[in-house]
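Scrolling down, you'll hit the structures one after another.
In the two complexes that follow, subunit A is the common piece, with subunit B as its partner first and subunit C second.
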Partner chain A sequence: MATRENFWRFALLAAPVSVFAVFVLWPMFDSFRYSLTDWNGFDDSPRFVGLENFRRIFTDPLFFNSLINTAIWMGAALAVPTIGGLALALLLDSRVRGARIFKSIFYLPICLASVVVGQIWIWIFQPDWGLLNEAIRSAGHLSPKQFHWAWLAEPRTALACVILAWSWQQTGLNMVIFLAGLTSIPSELLEAAAIDNVPDWKKTLYIVLPMLRPATAVAVALSMIGALKTFDILYIMTGGGPFHSSDTLALFMYNESFQKYKMGYGSSISVVLFLICVVIIVAYFRQVGKLGEIYD
Partner chain B sequence: MTDASQRAAPSGSPLRRAAIFVALVVLAGLFLAPTVGVIFSAFKTTRDISLGELWSIPSRLFLGNFAVVLEKPEIYVYLRNTFIVAISASLLSITLGSLAGYVFAKLPFFGSELLFLLFVSGLFFPPQIVLIPLFKMFNGMGLIDTLWALIIVHTAMGIPICTLLMRNFLISVPDALRESALVEGVSEWRILLFVVLPISLPALAVLATLQFTWIWNDFLWPLIMVQSDEKRTVMLGLVFLRGQYSVAWGIQGALALLASLPTLLVFLFFQRYFISGMTMGAVKG
Partner chain C sequence: MDPWVILRRCGTAVLASALILAANVAWAAENEVTIMHYFTADIGGAGLHPIFDKFKKETGITVVDSPIGHEDYKTGILVRAAGNSLPDIFSEWAGARTQFVVDTGKLEPLDALWAAQKLDSVVAKPVAASATIYNGKRYLIPIGYHYAAVFYNAKVLKDAGVTTTPKTWDEFVSMCKTLKGKGVTPFALGTKNRWPGQFWFDYLLLRTAGPEYRAKLVAGKASYTDPEVKKAMALWKDIVDAGFFGENSNADDWTDAADKVAKGQAAMTLMGTWITGYWTQNGLKAVEDYDFFDFPTVDPSVPRVAVGPVDGFVISAKGKNLEGAEKLATLIISDVDLQINWAKTQGALSPNVNVPTSAYTPVMERAKESVATAAAFNFNYDLANPPSVADVGLNMFAKFMGGTNDINALLEETQKEAADAFKK
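What follows is the complex of A and B.
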């Protein structure tokens, strides 16, 4: 019996394990090897340079610039869609008419490609006829000459604009997670509060929000992973510019490796990115683990 | 508790409900504006758009943009490439993920939890980490600039989510089903095909919608792996053609709409699967 089961375990796992090992796991470790070379993308035999790439990274102001931008991106791209999704879920939970249509509208952007989302928002921030400038002009009775802000071409506003576009796309996902969390709150709890005449805002603050902690943990985890991976929308909307003002590690790594063909240096950036991911993931799961101990 | 009082319980006073409804209408309008803008643009002339007419309802349906777009032969090549990659990589990753998920759920062994965690950890890391090694590997295999590279990459990258969802789904299926078949002498392979596969159809539908949408929309991998025009996917082609029509806004809008049509249709018809897939792995895991 046991050998028969072992045969099937082996037979069924052989294909998925080998594909995963060859095309995901092995390349992860291979990155470390390339990070110790000066490979330019064309040579057959990359030269071993030891830790030279890492010494250069920690003296490269562009690296620290993209590190800071990554931190800003993660903080904002995590907070805005999570808070927005929670707000939408709480509004929708009061069972208004047409809740299903509202949900679909808020959720629609998630199925659009980042390439398309980027294009849409480039048009919103377009200086001549973009929606944002048009709205500001009509609100302040200004002419196009008086107000002509090029949102994506300004180092001060470029990153914030991409964060806004990203949040627009991601909020619906968090809304769905919070809505799922809301349905798991026992209705007896809210009914008991209603009988005691507890005002609505107190119910939300002291009953609903604490009960949403597991859903919040999920929303935060998903947003965090999504934020770390973001590449497409930044590439489309700003390409990291102007003057590297919206460069994140993912983008910086791509530009160094596939634009400048410094693949050895690019590998060392991806190793740093890998280590940052490990730290964040471990820290997060330790935190959530504690949460589970308290609430179970 | 009567049905009426349960429904009324979380809603509060009529005034409050009206205020919430108005707030939702305003927010929905703001959320829709960007998408609607692109749809409008596809039906307007570039001249109208640059005069600031993009954000109003078109007074007439201008179809010239679509005429230009549909006359370009490369559009059909991009669409065909993307369909080939998205459909075959979705099928392959779902098949491989189901096999692994089945073993993790129904045939656990010493160390299988650890192997499962290793699979799932693939979800957490940005693709940048494997970009260079995979580029080098495919270069050595002579697969750069072929659709094979994209099919293989998307299959491999899809294994973690497919394994996670299938394992979580199959764990909720009672063991008795499999065991009674085993007692009757049915082989594992036939159980998988004739018992497990039919009851897994909802989960497979969820994965199919998710994987198809993600692979269709992907931009990074084609950007790395594809060089020639006849191997471009829709999203890569969209960015390339945008350079060609840099101020022809209407044509860009028509292109974006055409490129989004398949995933928008998937969303319209399979929205339920899409949403449950997004929350299922997360909430149950």
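What follows is the complex of A and C.
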């Protein structure tokens, strides 16, 4: 009986584990292997170069540029969609008229493909006829000649614009996570606070937010992971430009690998990105675990 | 039921399926030719589908088509190569990109095919010499070539009182000043995807320093900080500072710039002859609505060089249907009717010497004449340089059009990056 159970256990796990091994582990180890070579994607026998690619990374100003942009993106990802999603959830959790409709509207962007979101915001940011410049010109009574800022073509604003577009999409997802978290708050706590005439802001600060810790952990983790791996919306909107001003590690890796045909170097960037992700996520969940001990 | 019985039955089913699949794959390999290319959308289809249809009629072989957008193609073909799944035949730009693939040993030499099909008498000699031979062997079958020139809106120039097109740099600057004085933006340039800027650099360098110097630069034997490059960039900066270009070039791609010229929002754009295919598709007529002139002479002692890409097809050395791929390549270049259709739909010039000049619009006929009478034909910057170096240059052009004032610093940065790229 135990043998039969074990057989089925392994048999049923074999398929998903095999898929994971083939599509995740094998490419991962292959990347590690290629990071030690000068492979250009075409050669059958790439030359082993040891740690040369990694030495190059740490002297490459474009790497540090993309690292800084990735850090900025993560900071913005923690702030904008997380706080925005929380604010929307708190607003819509109350008995506001039409709350259901508003929840659906705010959730819609996450149902769109990132490529579509990117294209929508490209049109919004278009300097000649885009919605943003038209709105600014209308408000300031300016002519197209007086104001035609090219949001995505200007290094000073390109990254912020892409982050805004991405945040617009992510906020709805975080809103849903926080709404789910709000339903798990015991109503007796809030009722007790109401009986004691605790002001709303204190209820939110001292009861709601602490009780939302699990939901916050999920929302922040998803935002951070999303920020680290974001590629599609960035590729569509700016391609990492202009002049690498919106280059993140993921896009930098792609450009080095597929535009410059430096697959070995690109693989080494992917290894570094992987290690950064592991460090951040392990540190984050350790911190979340500690907070959990405090609140428990 | 005994689990081992289940396993045995599953294993038998999997094996049987694999055998059937293998048989199908073998049959498909004989009756199919897989092709990958960057001729997409209606324009691309209009040129290629008649070729595929005729090929199927004549040989019974189906062409399995994988079109990918122009810029994404550079990535797509690399992904196929990395996965050892190159198609039987695929498009490449003649020049450094084909050289790059030739050097990996993944391409089939075509000398035997060339001799057997007597392509020496079919392909124009300058194109054959510059575009098809790598490391002493033939690897590329050209399908068409383009010429970069100054294309203009005929009505805009006429309304501004410009009756003759410039031959010299001074005449060119004078014409631009006239247009600006009449409230017309002289040039539209769309450098969102970076590459359109290269034609300005190419021509200014070729018209001042000449083709020998440029050959050294693209081979890494000259420096971006040389006086020759600084002179070319200084000329470019003069006309940018004079306000001859529209705003926000980096926000527009080449079709946006082409649309601005078509709508009369700008007078001219420096672009390849494929713009004629785009404009024709949008209802514009050659000569009546648009025309072109050669990039003007700057230094009369420097020979006039024509710049443009040559599109071609190469054959994979390990494709599943080598014979089919060679037959398709032969049809592509040898069939005069298909070449005429290709030239008309793509706004291209045919490398087939048997295509009559009557097949072209008057504009394209003169473009062909301009190339034929040029001292040399050079591939444009991003096809003359290895991919990693081309990337550096394209960034420089986009940065320049983005408003860099310190040209020397820009050139120093470019030289450093180009030198690194040449080393690796």
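In the analysis below, the second predicted complex is superposed on the first by the 296 of 296 C-alpha atoms of A that agree within 3 Å, B and C clash if a C-alpha of one lies under 4 Å from a C-alpha of the other, contacts with A are read in each partner's own complex, and residues count from 1 in each chain.
Going forward, a residue touches a chain if its C-beta (ideal position, glycine included) is under 8 Å from a C-beta of that chain, and two chains touch if they have at least 3 such contacts.
As the structure is a computational prediction, the values presented were derived from the model and not from experiment.
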Inset, instruction - Please indicate which partner A:106 is in contact with in the superposed arrangement: first for subunit B, second for subunit C, both, or neither. - result: first
Legend entry - Which partner reaches more residues of subunit A (counting touched residues only), subunit B or subunit C: B
Inset, instruction - Have a look at where A:80 lands relative to subunit B and subunit C in the superposition and call it first, second, both or neither. - result: neither
Legend entry - subunit B versus subunit C as contact partner of A:43, first or second or both or neither: second
Inset, instruction - In the overlay, answer first, second, both or neither for which of subunit B and subunit C A:8 touches. - result: both
Inset, instruction - Considering only the touch criterion stated at the top, classify A:241 as touching first (subunit B), second (subunit C), both, or neither. - result: second
Inset, instruction - Have a look at where A:152 lands relative to subunit B and subunit C in the superposition and call it first, second, both or neither. - result: second
Legend entry - Touched partner set for A:263, first subunit B, second subunit C, both or neither: both
Legend entry - Residues of subunit A at both interfaces, subunit B in one complex, subunit C in the other: 4, 8, 41, 258, 263
Legend entry - Residues of subunit A defined as touching subunit C within the complex: 4, 7-8, 11, 38, 40-44, 126-127, 148, 150, 152-155, 241-244, 255, 258-263, 265
Inset, instruction - Would you mind writing out the residues of subunit B in touch with subunit A in their complex? - result: 1, 6-7, 9-12, 16-17, 20-21, 23-24, 27-28, 31-35, 37-38, 41, 49-52, 54-55, 96-97, 99-100, 102-103, 107, 109, 115, 118-119, 122-137, 152-153, 155-157, 159-160, 163, 188-189, 192, 213, 216-220, 223-224, 235, 238-239, 242, 249, 252, 256, 259-260, 263-264, 266-267, 271, 274-275, 278-279, 282-283
Inset, instruction - Would you mind writing out the residues of subunit A in touch with subunit B in their complex? - result: 4-6, 8-9, 12-13, 15-17, 19-20, 22-28, 30-31, 34, 41, 88, 91-97, 101-102, 104-117, 119-121, 123-124, 128-129, 131, 134, 168, 173, 176-177, 180, 187, 190-191, 194, 200, 215, 218, 221-222, 225, 228-229, 231-232, 235-236, 249-250, 253-254, 257-258, 263, 266-267, 270-271, 273-274, 277, 281
Legend entry - subunit C residues touching subunit A - in the complex, by the definition given at the top: 3, 7, 74-75, 78-79, 81-82, 84, 100-101, 104-106, 192, 194, 247-248, 250-251, 387-388, 391, 395, 398-399, 402, 421, 424
